[in-house]
């Protein structure tokens, strides 16, 4: 199977290359970039020297249709909305890593992304690609909206308890902490080493565009819509994302019971690992891998559940999950090309 | 005025030295250490070469009484409980940076610190030294229990809203994020660079010893006791501490009204800075200084207040606050020797 | 093929596990640890949960001989010297990642390691396992002394020029820069995050134990012995090692000629990559991989060559190289199980 | 005394503000910025809130002449060359932190900076402001070319040995290692956290513009000109700079003798500290301070001297040294406003 990557100059694109060059059934055939077209990818990313050396080309749906079978869009918000439908029309399998097709309600996209949304029909076509929760739909899909990094960690952390009805409606608070790679390779003062190092910074309070995505998919799990409080923080690290999730309990479960519930819920999900009682994950423990590790704690004093959910934002939060989706769409083993042990230390 | 520092080999002790060597009215006279006694402080801390060169001596209350006027205890839990009363008896002014005298209820100390508490009478003598909230008591004190780092950021972040009755009882969640220096200079695998770097880790869920301290002082502000959910995270940075605090609103204030309330509350507190609407602090913006910076946000969708409160854990969370307390006890200008502009970047 | 890892609780051991769990022809069968024996490896290293869950066992050469075919020693200096000969005697293939068998002259080991050396006969048996330079010997070996991290980067950086006679004898200076993981997982004050972060530190000037190893192997390349100046620095990063090497030119080559010479020299070495004119590598560009990237520069003003050589100290500087050696000893493709694209960013 | 800062939006400017707000005899009166003019400095740098709140203004030499006594230029190369002469003409004391007036030979500026040089007459007027080496000239100066960060650490490290004639001509190699703040606050991909963290990168081999500055001032010390090999590396830290300097010995001194020579040479220099035998400095040990710490080692095997010299690049390598120069020009105590103990950890 041959793949094209649109936005190959960004971190998401580079990570797709890293993972796909080791995938037994996929070959990276075409790299597409708007801003650095004409350059060679190994000039932009010397770590690819001798591994994948290719020019960055312009986007052309006809050329893509001739040369590849699947197209990954690792583009900033607002781009795939324009380009992806042209690929769909030509029968290409499409996986969009951006937020353009995740929100089913176009007005929500407009509100939170401050851009014109994709056409409603196209939004309806896209399957929300969170494999652990949406298995059947993904297996028969040809067009995937790959989840955001915060939604991935949040939803995997919440799903079992939410589905069980164990959480009090309206009580959910998500405290997100992300490494800097989530902001991409764009030169921005706020992402300079000297600004970020030795600092934690809270940002986008009440306005983060992943908020409606989390709420939409929480509703898909629980059957009702609720608002969450979602706060994001920039952490002085490159990769890694943690969501610390707080919720009031609607049922009197103990930590031990939650752990059991979660293990049962994810027993067929090879990439979700539930930590034993009294231990909680660190982001480093999933670095470079497609795992989502989850730790749980019920505070007896406040009857509140705390969920700690970690991923590598570039893998399970982006490129790895996209490939997991491709595997499932193709009927391959879900873990194909993704059996990376986390890099530690 | 002459000062002795017990625990001068730790980070708290080293920071007291940094700050006191620039204090116009205090002279560091005696450095005391249990484990490194006999060594020179400039061997342990070459950054002090040519600035303060002194041997580390053994603790002896009589010698202290002869040579110094004030004793700072920058010792691990369980130490000052034994040593400090001997200094008090000899009429020395005492400032304890450890947790030994902060909890008024000895059984709480036992529960959370897993050690025998100080005598109840001594606990009653200690004044909780959070200058912004406890000004009058501190001014007439001779024995200060210097607040913990998380309590400092949490209480300064909560006080105005709590005092106003603006927060729904029982709804308060504190998500704490701290740099590694908070764990001190003790060699521990968990604090090795290779373990901490490129990682966020949740730790001590439901068991952090600062929990009862925060609850005790919250009660002193609001007039009633309530339980909080308090979760702490280790961040890959040396200095800096952030508390992101969540609470349901009991009154219908806007962000703007909270900002005004906070500015009014702290108008005579030179070390508390309230951020303008739509901006929130980063820990780097207080690095090396005694400031506590606070940002506020009311989420209209969930009627919840988010408070972002940052300090340098070694300064306002420890040594700086101790000196601020000393200044107030001595009737000096509160900011004496503490007018450090944060180091940026 | 079944493998045992002695010292599985250290970083070298953990990395062998990471790499071997993805190796098509090797299975990790036995984990051995002196200090943490009885514990489960996934407790020490939660990142291995669900990937390799095994108890850490005591060393017993007979048990090893029954259960495994190859033994990796990822032990501190002085350990494999005692244990490895027992495995050799039982016919096991042995790969030693420590320095115990690298120096052919026992008195040098004594001088630089301050320990009693291995028996001279055993030293003679060990093949120095730098695959790019020692291919034939390795292919017929059953006992490998795996090179140190600094020697790997230094020797790969020097070999082509040294062999050519292009460098003035006695003029070679190696300025080494290493991440902290090189010091292992032992709790030591000097490796605490708070000590290392935001700092570069020079250490072991004139006394680093890798000095005689580099000189011994340089002599093997050039045919004569010379002393080098070798200085090492601790860099605030976990993985990564750079040697910046300086030498006076004995021949009038240009940078371009050196690049050509190096490319030719390494044309059959899949893990060595020579950078194009005017560019030099960063350690991040080989992170998590077995590559050694080399950049070159001839300064026309001083007639001096500067060589910049980078590796991931835990991979090409330790566990990856050990597996590369195993591959060659077994007659497998050199890159088997090692085709990792560097993780970037 | 009233000061104006041109380039107040950059890191050099921000550091001048940090240091001058604590200076007893200088008041920051005017902040000038080309790109962010009209904004408030506390918006760009929230850490200055409540400390210095001022608008950034346009450059106007007449206004400056009315309102200030001294002007600091913390501007990119090529700017002060145009603006500073206008201030000189109006009788203002000028301190230039950029490289525009450091090279006495205009053709060297052109060669290394790739820009048109300042007029030769103006170059002659500027006093090279390395206080420890140039005391008398600085005391009577009104126009200072403040040294670069690498030259400061290099020259202080070399001066005593060079002056003594202890070093073999033509043998000097400087391996420089710098934190990222040296590159300023400009958004550039190469300085993004995700690019720099967990990486060491060699850059500008053979072309760094500080090369001729070091050579020029070495010649001023030794009486003859020689070429050096100078290589620079980007280190994943914000502040801190180390030069590891290698030279062949022309005289048979021991390490101990060099230490004595250096201590004698700098005995009246309060900001230079020579480390005891067998210890070498780390950059963290001077962080936030104006110190330059130097460690020495003679390698008996190669008869080579290694000098390890560290500074905080933003303080002794820029703003702190500028103020030290001002102090000396004004006849104030050299350390006025600069008695900062390094921040550790």
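For clarity, chains are labelled A, B, C and D in written order, and residue numbers in each chain start from 1.
By definition in this document, a residue touches a chain if its C-beta (ideal position, glycine included) is under 8 Å from a C-beta of that chain, and two chains touch if they have at least 3 such contacts.
Remember, it's a predicted structure, so these values are computed and weren't measured experimentally.
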{"item": "Farthest-lying chain, centroid of Cα atoms versus that of chain A", "value": "D"}
{"item": "Result of counting contacting C-beta pairs for A-B and B-C, higher pair", "value": "A-B"}
{"item": "Approximate Å spacing (C-alpha centroids) for the pair chain B, chain D", "value": "36"}
{"item": "Mean-CA-position distance for chain C and chain B (Å)", "value": "45"}
{"item": "Inter-centroid spacing, chain B versus chain A (mean Cα positions, whole Å)", "value": "38"}
{"item": "Two or more partner chains touched - positions in chain A", "value": "11, 179, 181, 185, 194-195, 197-198, 236-239, 281-282, 284-285, 287, 345"}
{"item": "In the complex with chain A, residue positions of chain D that touch it", "value": "11, 179-181, 183, 185-189, 191-198, 236-238"}
{"item": "Touching residues on chain A, where the partner in the complex is chain C", "value": "11, 14, 17-18, 21-22, 45-51, 181, 185, 197-198, 238-239, 270, 273, 275, 279, 281-282, 284-289, 293, 339-345"}
{"item": "Contact set on chain B toward chain A in their complex", "value": "170, 173, 175, 177, 179, 194-195, 197-203, 205-206, 227-229, 231, 233-240, 242, 244, 246, 280-285, 287, 295, 297, 299-302, 304, 306, 308, 310, 345"}
